[in-house]
Each structure stands twice: as C-alpha cells, then as structure tokens.
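Each of the two complexes below includes subunit A, the first together with subunit B, the second together with subunit C.
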Partner chain A sequence: MRPDRPWAAPLLSLAILAALLLVWHALTRPEAGQAAVDPAYAALVGQAAAAGGQTPVPGPLDVARQMWLHLQDPFYDRGPNDKGVGVQLAYSLARVLSGYLLAALVAVPLGFLIGMSRTVYRALDPFIQVLKPISPLAWMPLALYTIRDAGVSAVFVIFICSVWPMLINTAFGVASVRQDWLNVARTLEVPRLRTALQVVLPAAAPTIMTGMRISIGIAWLVIVAAEMLIGGTGIGYFVWNEWNNLSIANIICAILLIGLVGMLLDAILARLARLVSYRE
Partner chain B sequence: MNRPFVQVQGLAKRYPGRDGRPGPAVFEDVDFGIERGEFVCVIGHSGCGKTTILNILAGIDQASAGVAIMDGREIAGPSLERGVVFQAHALLPWLTALQNVEFGVRSRWPGHSRAQVREHSVRYLDMVGLGRALDKRPAELSGGMKQRVGIARAFAIQPKMLLLDEPFGALDALTRGTIQDELRQIVGATGQTVFMITHDVDEAILLADRVLLMSTGPGARIAETVAIGLARDRSRGSLHHEPGYYDIRNHLVDFLVQRAGHTQETPA
Partner chain C sequence: MSLFRNPFDPAARLSRGCSCGRHASQAEHDGMPAAGAEALQSRAVEGAVMRALFPQDDLRRRFIQAVGAGTALAAVSALFPLGAAREAFAQSSGPLEKPKLSVGFIPITCATPIIMAHPMGFYAKQGLDVSVVKTAGWALIRDKALSGEYDAAHMLSPMPLAISMGAGSNAVPWTMPAVENVNGQAITLSMRHKDRRDPKDWKGFKFAVPFDYSMHNYLLRYYLAEHGIDPDRDVQIRAVPPPEMVANLRADNIDGFLAPDPVNQRAVYDGVGFIHLLSREIWDGHPCCAFAASRAFVTGMPNTYQALLKAIIEATAYARDPAHRKEIAAAIATPNYLNQPVTVVEQVLTGTYADGLGNVRNVPERIDFDPFPWQSFAVWIMTQMKRWGQVKGDVDYAKIASEVFLATDAIKLMREAGLTPPESTSKSFSVMGKPFDPARPEEYIAGFAIRRT
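On to the complex of A and B.
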C-alpha cells in the first residue's frame, strides 16, 4: 500500500459498506402486486399472513429507522419485557465484567503459581486440559441447579469461560521469563516477592494481557447465548424476545450493537495491553 | 599463611547423562586464585565451561566438585558482594537506564531514601558516560550503551569482586575499544577485583594482570597462567608499542590455535 494515500482504505471501506447496503436494499424490496384477500380476514390475521407470505426481512431503511428509535431512548424501562437496548446492554456488560473480573482475580495469581513451579504445573495440567474444552454453556444446568439463581449462574458461566485463556497465558508468560532477568534479580539478592512483582510480573504482563484480551472476547460471545437460556434481562434475552415477537429489525439492531460493544471491549483491552508492552 | 582473596580449588562440573548418571566432566581440577585488586581474564574456546565457572563464582550455578572461597567464605549462592555483567547485558527492558541501576542499588542499601538511591545511581551512570541517557529505555540505546548500563549496574552496588562474562562480545570493534579503555580507567581508579571471560586475545592483554588459559573440554582444565607484565598505565593506543607485547600475544594465540585442544581430539 502506498503511504501517500491515507484516505484510500477508509474510502474503500465506505464503498464496500455502500455496496452491501445497496444489495441488502435490493434483496428486501417489497414485491409489488400482493394477492387480493378478503379484507375481513386480512384485518383478523394481518395483511402478510393473510396473503400467505412470510414476515418480510426488513431492509436497511427499516433497520435504520428502528435503530434510531432505540438510540433516542435507550434506557427506558416499561416492565419486564419492555426495556431499552441500553438497559439490556448494561445488564449484559455487568454480568460479563463481574464474571470476567472474578476470573482474573483467580486466574492471574493461580497462573503465577503454576508458571513459577514445574511441579504445580504438572499437577494441575490434567485438570486444565479436561476442563478447558468444555463449552461454558454445558455448565449452565449444573450452575442453575446448585446456585439456584439465574443471574449468578450467568456470571458463573462467564467466569468459567474467561478463566482458561487468562490462566494458561499467565502460566506460560511467567514460565518463559528470560533466565537472564531472573539471574539479575538473584545476583542482586532481590527478595522473592520483589522479584515476582518487579521482574516476573512486568516481564509476563504482555502475555497475561493477551490472555485477558482473548477472555473478554469469549465472554462477550458467551453472554448472548447464556442470556437466551436464563431469560429475563440482557441483550441475549432481548434478541430471543424479539425473535418471539418476530421483530427481525430489532434483532438486526441488537446484532449490530453486540458487535459494536464487542469491538469497544477489545479496543479497551488493546489499549491496556499497549501500556504494559515493552520492546527488547 | 597468605591466602589469595579468591580461591578456587578442584572445581568440576558434570551434567547428568541420558541414563541419569553423571556424564563426563565439562571441566575438572580447576584451581586458581585471585588477589585483591587483581584483574584476571580467562581465555578458552567455546564450550570449555568458562561461563559455568563464572556462574559458580556468581553463585547462580553449582559445582559438581570443589569449592570457591571469597574473602574467607565459601561461595554458596548469589550475593551483592559480587557484581555480574552479563553476556547479553540482561537489562530489564521495561525500565529506564536509571531505573535499571536503581533496581540493584535499592537492593544493596534498602535503607536509602529515594533521593539517595537516585543520586548514587546517577553517579555511576555518569561514570560510564551515560549521564544524558538516564531516562532512555534499553530498546532506545545502542548495544554499547546497553552494556555500559550493565557495567554501571554492577559497579553501583560496590561489590568486592566484579564478574564479567564476555561483556563486549556483541559489540562492534570501535565501541568495544572505547568501552575497554573506560573499563580500564574505572577499574584502575577504584582498585576493583575483576574476573572476566573473553575470547579476544588483545582484550585480555589490554585489561588483565593475569590470563588463565583453558584447554578445550570435555575435561577442560586451566592449562597455563600467563602474567601480563606490561606497564599498568597501558592503553589501546600504546599497547602494541609495549616491549614484550608481541611475545605475549604470540604465546596466547599459539596456545589457542595449537595447544588448547585435547590430545584425544586432535586429528590423527
């Protein structure tokens, strides 16, 4: 790519977006000439159903209109099945962040121990290898049965899915700290705790942050599915509820918002990762 | 009895073989002493265990047999009494030059105030000519400057002995020469006891009072000790005019080329 055209890539992005919207618009245009039905029957079951057609997939303009409505008042709360998308996203974010932070509190110190000692590493490795590939949603029934609280169960599911990448990356980062740096600390008679905090932690920090970034991504993926299961609140429940309402435009709005929030979370973690990175 | 400051007796290192039993010795029966204020260089081919000997003196590696005694006490672990300059500088890349030096100084004098630690560290960075690069991180420093920070870090803890593991091996010839001269001046001024590994014959002649020649492993030993009886104020510029310089140099090169190898290893 030529560096003298910094606007080329954004321009191309806009062109692709415009093309996609056009194709979408063309494919979802309502067909002209609907079959005539008895107006009384139509009034009873709705025009589309009476014509034997399906609920039409909304076009970009419908979705934009719907999105505009959502964004105008994202935080309204009119009963259990009618909350603004902002409220739903806030519920989801609260669950993700509490599960994620709990996971970090457990995974980083435990990963540190595992990374420092080959014995601990070998002792815990079989557990990690078995537990890691389990889909977090498989824990859901067990969590619901033992915890008996849907909200806490969702937090637990987030915890269990974000703990592994952080644990494994922390252990790996700690175990692969350069021997030279540890020797420096040893020859300077730096106490063990200070070595852990001032040599091992900063040396492993970029690897730990990579694990945290993977974890937040997975947590945000999992929360939607978890909330579809537990119901009640959250953006995942919102999607499911709108599916039951057959409001495809609302579903598409939610999908877009989920993507944007996920991107935002990743960007924040990327920014934090830059703070702790170092060049050798 | 007049014992030397550092005494190494019967030192040997064996790594366990594949069957778990101790394998052949990398080096064995290594004996030497270092007087207080003496500069001793070790020359030998790669793999003869020079770095292992230095690591044993530093206390970060253990000998399979033999002892190393410094100032009447056996070396059993790392200590602030011995400063180490590592082969690959080993600076902590997330700290600035000043912070790297302070890291050791704070450990040496835990009671010092922040200002005292800083003042002390700055003094030693000034000494190696880095007074203006205090806040640079290692990645922003050239190879020579990084090694200078490493030297400042080792000197700043004011150790009884300085251990240098091929400190200039990775530097270009010009930089190496400059830092060699600086090191010579600093060591001369402070009367530091130094044990240094090198494979550069000229570096050894310039810096050392005495050169230990190691034969090639396995089963490496100190084959010979050569006293460098040249003027103490020699410098790189005057070195090759010193009487006797070429005799010493030829002797060392001859050893490395012809005699360092083991008899079993010389081709028939």
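On to the complex of A and C.
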C-alpha cells in the first residue's frame, strides 16, 4: 500500500457502501400499478396485499427510519416482553461476558497445566478434539433439561463454546515457549512457580490473547442463536420477536447493531493483545 | 345449594333451590340474567353468617318477617362485621402462598385470557403479581414449566395429557384446570394453491402444525384422512413454532398450515396465503389451548392456584362477550404481548375478516372463549393420540381424563365468576359429521379407515 494517499481506502469504502445501498434501494422499490380491490377488503389487509402482492422487503430508507426510532429511545422498558434495543444489547453483553469470563477462569489455568506437561497434553487431547467441534446450540436442550434455568443455560452455552479456543491456545502457547528461556531460568535456579509467572506467562501471553480474541467472536455469534431459542431478553430475543411480527426492517436494524457490537468487542481484545505483545 | 340466595328475604329458603343454587326456583334460574361476581360473593358471605346465627331456617324467616329485612340487616351488621367479612372473602379464600408468579405464553390469540388478564387487571384483582412471559416455542414452554421456572403456563390442550402419560417427555402429573379458547384455528394455504381447494389434490404437500401434541395436528390429520389422504404417507406434516410459520410459507418452504391465529390472518395481511377453512368447520366448539399447571402447584399452593384460576376464568368470561373483543384486541396486540398490527388481532377476535381471496367474511363464532374442561374432550384427544401411534397399549381414558382435566374446580369458580357451568363433565359431539361417544373410545378408533393401530 502506498502511504501518500491515506484517504484512498476510506473513500473506496464509502463508494462501495453507496453502491450497495443503491442496489438495495433499486431492488426493493415498490412496484407501481395498483390492482382494484374492494376498499372494505383493502382496509383489513396490508398495503401490498390490497394491491394483490406480497409485503416487500424493506428498502434502506425504511430501515434508516426504523433505526432512528430505536436510537432515539434505546433504553425504554415497558414490561418483561418489550424493552428498548439498548436494554436488549446490555442483556446479551452481560450474558456473553459472564460466560466468557467463567470460561477464561477455567481455560487459562487449565491450559497452563496442560501445556506444562506433554503427557497431560496428549491424554486430554482426544477429549478436547471431540468436544471442540460440537455446535454450542446442540448443548442447549441438554443444558435446559439438566440446569433447569434458561438464563443459566444460555451462560453455560457461551461458556462451553468459548472455553475451547482459549484452552487450546493457552496450552499451545505454554508448550511452545522457547526452550532457551526455560533453560536460562533453570540455570539461575528460579523456583517453578516464579518461572511459570515471570517467564512462561509473558512468553505465552500473545498466544493466549489470540485464543481469547477468537473466543469472544464465537461467544457473540452464539448468543444471538441461543437467545432466539430461550427467549425472554437479549438481542437474539429481539430478533425473534421481530421475526414473529415479520418486521424485516427491525431485524435488519438488529443485524447492523449486532455487527457493530461484535466489531467493538473484537477491537477491545485487539487493543489488549497489543499491550502484551513483544518483539523477540 | 343455596349459596347466593338473599338470606334477608323472608320468602327464600336457604336449604333448597335451583340447579345452580343461585335462585329460589328453577324457573327463576332459567329466566334471570347472571348477576355480577361481587354481588354473588357478598350474598354467599351474608348467607353463611345468617346460617350461623340461625341454625334453623324457620327461626330466621320468622325473625325477618317480624322485624323487616332492613332492620334485620342493621341488627346483624351491628353484631357481626358483615362488611369486613365480605371484603375478606372477596380478596381470597386464604393467604396467598406465593403472590409473585410467572406464567409463560406463546404469542397467539388462543392465549387471550392469560395475556389480557395482565393489562386489564384480572390478576391484580386477585392480589397476584403475575409476569406473563413470551416464550419461543411449545417444547420450551413445556421444559420451562417442568423445571418450575413458570408456575403455570399456556399450553395446547393435548400437552397436559401427553406430559401426564409420559408421551414425548418424562411422565409428570400435570393438570389442566381451564380451557382457554374454542375454535379460532384455520387451514391456510399458500397463494400458489388458490385453485386447488379440494384436499384430494393435496398429495405431496408439506404442512406445518405448531406441535406434535396439538389439536392442530389431530384436526389436520382428521380432515385429511376424511378426504382419503393418509397424513403420514401422502403428505408431510412437520412441527413449526407459530411465529415462524408465515416466514416459512412466504419462502415456499411449506404449502400450508393448520395454525392458531393471528398466524392465519397475518398470512392474509401480508399477501402470502389465504384462509382455506376455519377449524370450526371441522369441529364446531373444539378446544384448542389450555391453562395448565403441575399437580404439585395445584396441591402445594391451593390458595394461589385458586386465585390464579379465578383470574383466568373471569378473564375468559370477559372475553366471551363479543362487545369486549375490540377493546381486548387493542390491549393484547402491543409489542409486549402479541406484537401484531391491531387490525389483524381485531379481525380474528371479531370474526369480520379478509379471507385472502378478496372477500370480506363475517363469522362471529370464528373464536370463542369457554373455560370448561370437558372430560370428553380429553377422551377424544387420547383416541387421536392412539390413532396416530403417539401412545401404545391400553389407555385408561376416563381415569386420565378426570385426573388431568380438572372439571370440579372450574365448576366452582365459573359459578363465582357469574358463568353457568354445565351439569355434567362430559358431553358428546361430532367431528365432521361423525358422532363421538366418550363412553366407547376404542370402538371410535376402530371406526376409522386410516389409522396407525
């Protein structure tokens, strides 16, 4: 990339966005030509059905209007089934963070132990390999049945899906610390615990952070699906509830918000990763 | 029974009366409009006090004749705080074990009494703080009810039977104290099929029903089988949660569904489908959804259960009146409950609706609300479970029906809500012209040509 034109990339992004919006607008324009229908009948059905068609997919202007409504009052609370989009996002974030932090509490120490010993690493590897690819949603019925609480089940599902990348990356990072550094520590007769905390941990930190960054991405992906299943609160429930109302404009708003929050979470983790990175 | 007779009326007898017990004679019972629930409650309290003061009815009558009803009332009120007693009774039959309850519902019009009881204050009137929680599907509502997260829930009327019998879940004693609605379902087909109205042309169709253990499943199967279509071999029937049905119909993923409203009306509203047939044309007066609770809740918290059931039955009585339907539609169409355009819910509840083919139809009986859990309904449902192989072996129809469909509580509370409960707990009816005798379920099953037994 040439550094003399820093505005080129953002400009191109804007152009792509404008092109996408134009195509979207063109594709979703309502068709002209109204079929003549009895006015008493037309009053009972939607605008499109009265003209003999189906309700169309909303265009960018409908979505923008809807988004503006949501952003004007994001934190309203009108009873257990009707809360603002900000409140729903907060519920989802709280679930994701609690499941994710629990997973980190388990995965990092456990990964450390596994990484320190080749035998344990080999012994546990088959279990990890089998459990890792299971879709977190496949755990949901089991979780609901055994835990008997929908909220805790959602947190459990986040936990179980974010634990593996962290565990594997921690173990890998710890196992691949340069042998020279461990030898130096041994030569200086540093106690084992101190070696672990002052040599191995900083050395493995970038790998561990990579695992944590992958995990938060997965956790945010999964929470939407999990909340669509358990209902009640959260941005996933919001999507489900608007699906129930067949309000595609609201669903597109939610999709945009989910993307933005996911990007934000990833950016925070990337910033943290930069703090612990080092140059050899 | 003479519970609601005016005890200050010298002509009245407190020991004999009409069939419901509210009137001096059977003729008066037949001719008199039902009085308000509060007035009846007050009468019941006054009656109890007077019976306690005058164990011999003759003595009471002579006393009132001698001094006059007004003086008697004043005298008794001076001796006994009648007003306080009336109030105490009106509040509840005893202290509530658990005033904060959680009740799950699926966002469909069948749940109208459960939902509207919240915004319209029927729960609050019984001293209950109920949060009604929207739930994503029937399997989830079952699991949340089984796990105790919900104290009671909106279920499909076959579900309490299936749960009690252990079909599709572990057997847990479950009860159904009240039916929510009768009728109110419809078969909706995709607009593509508007020229294929004869069920005989439906081979290869993909249909959706809300749940395997639902009246929708049994009614659709019954309807298809009566037209010679084998519901297991000639068509595909799959369970799809009601909110997802219109989206699936629009995507041509299914050809049609037998679904609860407002799903049918919503398909019309969006120009995706048309209403082929209302379920009342299959069986007029069929039950659909139910108010259900575990036996543990019913026996462990009797006062709370009574108060909750009373709220539901009063809400059902209110919903029954066609004059209230518009007001109810406006109250439950909001995002907090059904989350639908008001006109869609209104068309369902009032029965003046667009059928999707350009006609406005007027069927006031499209949906109705009747809380009485007829035990013969339970028997019919079990015959269909057996017919389609959902339960195997011998079924003790009458026993399960009486254990799950709690008719006695409904009779008592319907009376208190100013409704007239039926004399017996069983009635016969016919489905698509074929009469059903609840006393002979096995013969009924054997009478079908298409069955899995």
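In this section, the second predicted complex is superposed on the first by the 278 of 280 C-alpha atoms of A that agree within 3 Å, B and C clash if a C-alpha of one lies under 4 Å from a C-alpha of the other, contacts with A are read in each partner's own complex, and residues count from 1 in each chain.
Operating definition for what follows: contacts are C-beta pairs under 8 Å (C-beta built on N, C-alpha and C of every residue); 3 or more make two chains touch, one makes a residue touch a chain.
Quick caveat: nothing in here was measured; it's all calculated off a predicted structure.
Novice: With the two complexes superposed on chain A, say which partner A:228 touches: subunit B (first), subunit C (second), both, or neither.
Specialist: second
Novice: In the superposed arrangement, does subunit B or subunit C reach more residues of subunit A?
Specialist: Of subunit B and subunit C, the partner in contact with more residues of subunit A is C.
Novice: Between subunit B and subunit C, whom does A:81 touch in the aligned arrangement: first, second, both, or neither?
Specialist: A:81: touches subunit C, not subunit B.
Novice: Give one of first, second, both or neither to describe whether A:183 is in contact with subunit B, with subunit C, with both, or with none.
Specialist: So A:183 only meets subunit B here.
Novice: Once bound in the complex, which stretches of subunit B touch subunit A?
Specialist: 58-60, 78-80, 82-84, 86, 88, 90, 92-94, 103-104, 107-108, 137-139, 157
Novice: Quick check: in the complex, which residue numbers of subunit C touch subunit A?
Specialist: Those residues of subunit C that touch subunit A are 107, 131-136, 140, 143-144, 147-149, 191, 243-244, 246-247, 250, 266, 268-272, 334-337, 339-341, 343, 347, 352-354, 356, 358-360.
Novice: Under the touch definition given earlier, write down the residues of subunit A that touch subunit C in their complex.
Specialist: Interface residues on subunit A, with respect to subunit C: 37-38, 40-41, 43-46, 48-49, 52-55, 78-82, 141, 144-145, 148-150, 228-232, 237, 240-246.
Novice: Within their complex, state which residues of subunit A touch subunit B.
Specialist: 178, 180-181, 183-184, 186-190, 194, 198-199, 202-203, 276, 278-280
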